[in-house]
Amino acid sequence: MNHREIIDTMMEGDLFSQWLGIEILETAPGYARISMKVRSEMVNGFGICHGGISFSLADSVFAFASNSYGEQCVSIDTSINHLRPIRVDDILTATSLEINKGKSLRLYEVTICNQKNEKVAWFKGTVFNTGKIWERN
Amino acid sequence: MNHREIIDTMMEGDLFSQWLGIEILETAPGYARISMKVRSEMVNGFGICHGGISFSLADSVFAFASNSYGEQCVSIDTSINHLRPIRVDDILTATSLEINKGKSLRLYEVTICNQKNEKVAWFKGTVFNTGKIWERN
Amino acid sequence: MNHREIIDTMMEGDLFSQWLGIEILETAPGYARISMKVRSEMVNGFGICHGGISFSLADSVFAFASNSYGEQCVSIDTSINHLRPIRVDDILTATSLEINKGKSLRLYEVTICNQKNEKVAWFKGTVFNTGKIWERN
Amino acid sequence: MNHREIIDTMMEGDLFSQWLGIEILETAPGYARISMKVRSEMVNGFGICHGGISFSLADSVFAFASNSYGEQCVSIDTSINHLRPIRVDDILTATSLEINKGKSLRLYEVTICNQKNEKVAWFKGTVFNTGKIWERN
């Protein structure tokens, strides 16, 4: 399976990314760009987008990028910095960049921008390569 | 408003925590314990609970604990370590502990356990105290 | 080699921990407590202890604790929160606690206190277990 | 004071950066690039460069970059990923990039490369702007 087939397979089973309304914009080995629109049911107690929503978007693009080479990789340590409030109806785009590709461990950063191209969140994550291969069912 | 009134007010407006099915188990100044049950719509492309779900649970309890003194606090830097796979129907309990309470910055750790009392995730987060006071509408 | 022999062997080769003046106070499998005194050559441009010094102290106790079971473990992701300024002549004690012990990955937190028992820094770290065994030369 | 004067003033008082042998290669508002050579007294119990050394290098360039606008900024949360072993006699170059510049909070990433231009470590850090201005004594 190539990078796009793997990411499409992941997305098909990823019911939470579907609930988020994630669309895949672009993929390449070690890379993905995705987007979603913030809905009113996604707010926190301050009436702005819950931090878990932007984290989830980043976590999905990170999973797609890190699995796209063909080996199954699982997240072990991730962090996010919230830079600006995100509001209902904002359209978020998340882009994953590979910082390092080791045998067992791979490191990515993800930038999330809103529709005005302002950075709203910044994420980094490390995956562990389980060595299992993504295969057609 | 006391800690419980603040957290109840936050929860009332927090539509995403409501979607998650979060229940508040216990609160005190600087402290909260909450729980939720993982539903099938919360899985990722591996068929296990999406990392964004456990993050969101931790982020909510962290927000409740850090806001409970009365001043509005916003998250600036958070990270999570995923320790064990979380599965559909697992019942997760998240407990927030205060590591440090400064004037402008406060640091918390959150432990998430499943129904077998196994640690499944571990989170830390820093909030910035905006100085605004939680008040009745 | 038992936990103490491993940590003593590590300390013997650890010339930077020796430069820091680190003393080992207590060890157990998965646990260590160490201390050091801040010297005037350890300050940064603000005239207080350089963040790299408190990080190094935490990183050493984390390495000792995570290697103490017998397998060689290497640091992959660590973070530190600076909570209070540390000054020249402060005596710092760093205590490492195990959060999780997986096969490949282990997670620790470290608390650093000064001589007044105030928390001055808080650290977390993940190691990767290489599987190599600590052995006598 | 301009960016270079501030960084020179910081470096003058920064006795630990001097011990590390740090040289300032380039500065601009919000930016700095520095280097150092790893000495034999900087190794850990594995005989490779102690993680605290690469952290300290990153922490210094992060402090220089974030203070270079004129306001005194203090580190609140930093993390580092170690990507490749660093050995004695390696020459390390650390480059700081600004991810976000808020009023109270600023976010930076730092990449450390060795003399072969291989990434050996990757760092991110948040500072809090105290509002105090860097001034000539």
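Labels for the chains are A, B, C and D, by order of writing; each one numbers its residues from 1.
The rule is simple: contacts are C-beta pairs under 8 Å (C-beta built on N, C-alpha and C of every residue); 3 or more make two chains touch, one makes a residue touch a chain.
This is a predicted model, so every value here is computed, not measured.
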Repeat of the B-C interface, chosen from A-D, A-C or C-D (over half of contact pairs identical by residue number): A-D
Intercentroid distance (Cα basis), chain D paired with chain B, Å: 33
Centre-of-Cα separation between chain D and chain A, whole angstrom: 29
Chain A and chain B, separation of their C-alpha mean positions in angstrom: 21
For chain B, residues that touch 2 or more chains besides their own: 76-77, 79, 81, 126
Graph class of chain-chain contacts, one of line, ring, star, complete, other: complete
Chain D-touching residues of chain B, taken from the complex the two chains share: 76-77, 79, 104-105, 126, 128
Chain B residues touching chain A - in the complex, by the definition given at the top: 9-17, 19, 40-47, 50-53, 55-57, 59-60, 63, 67, 72, 74-82
Chain A to chain D touching residues, read off their complex: 79, 81, 83, 99-100, 102, 107, 109, 119, 122, 124, 126
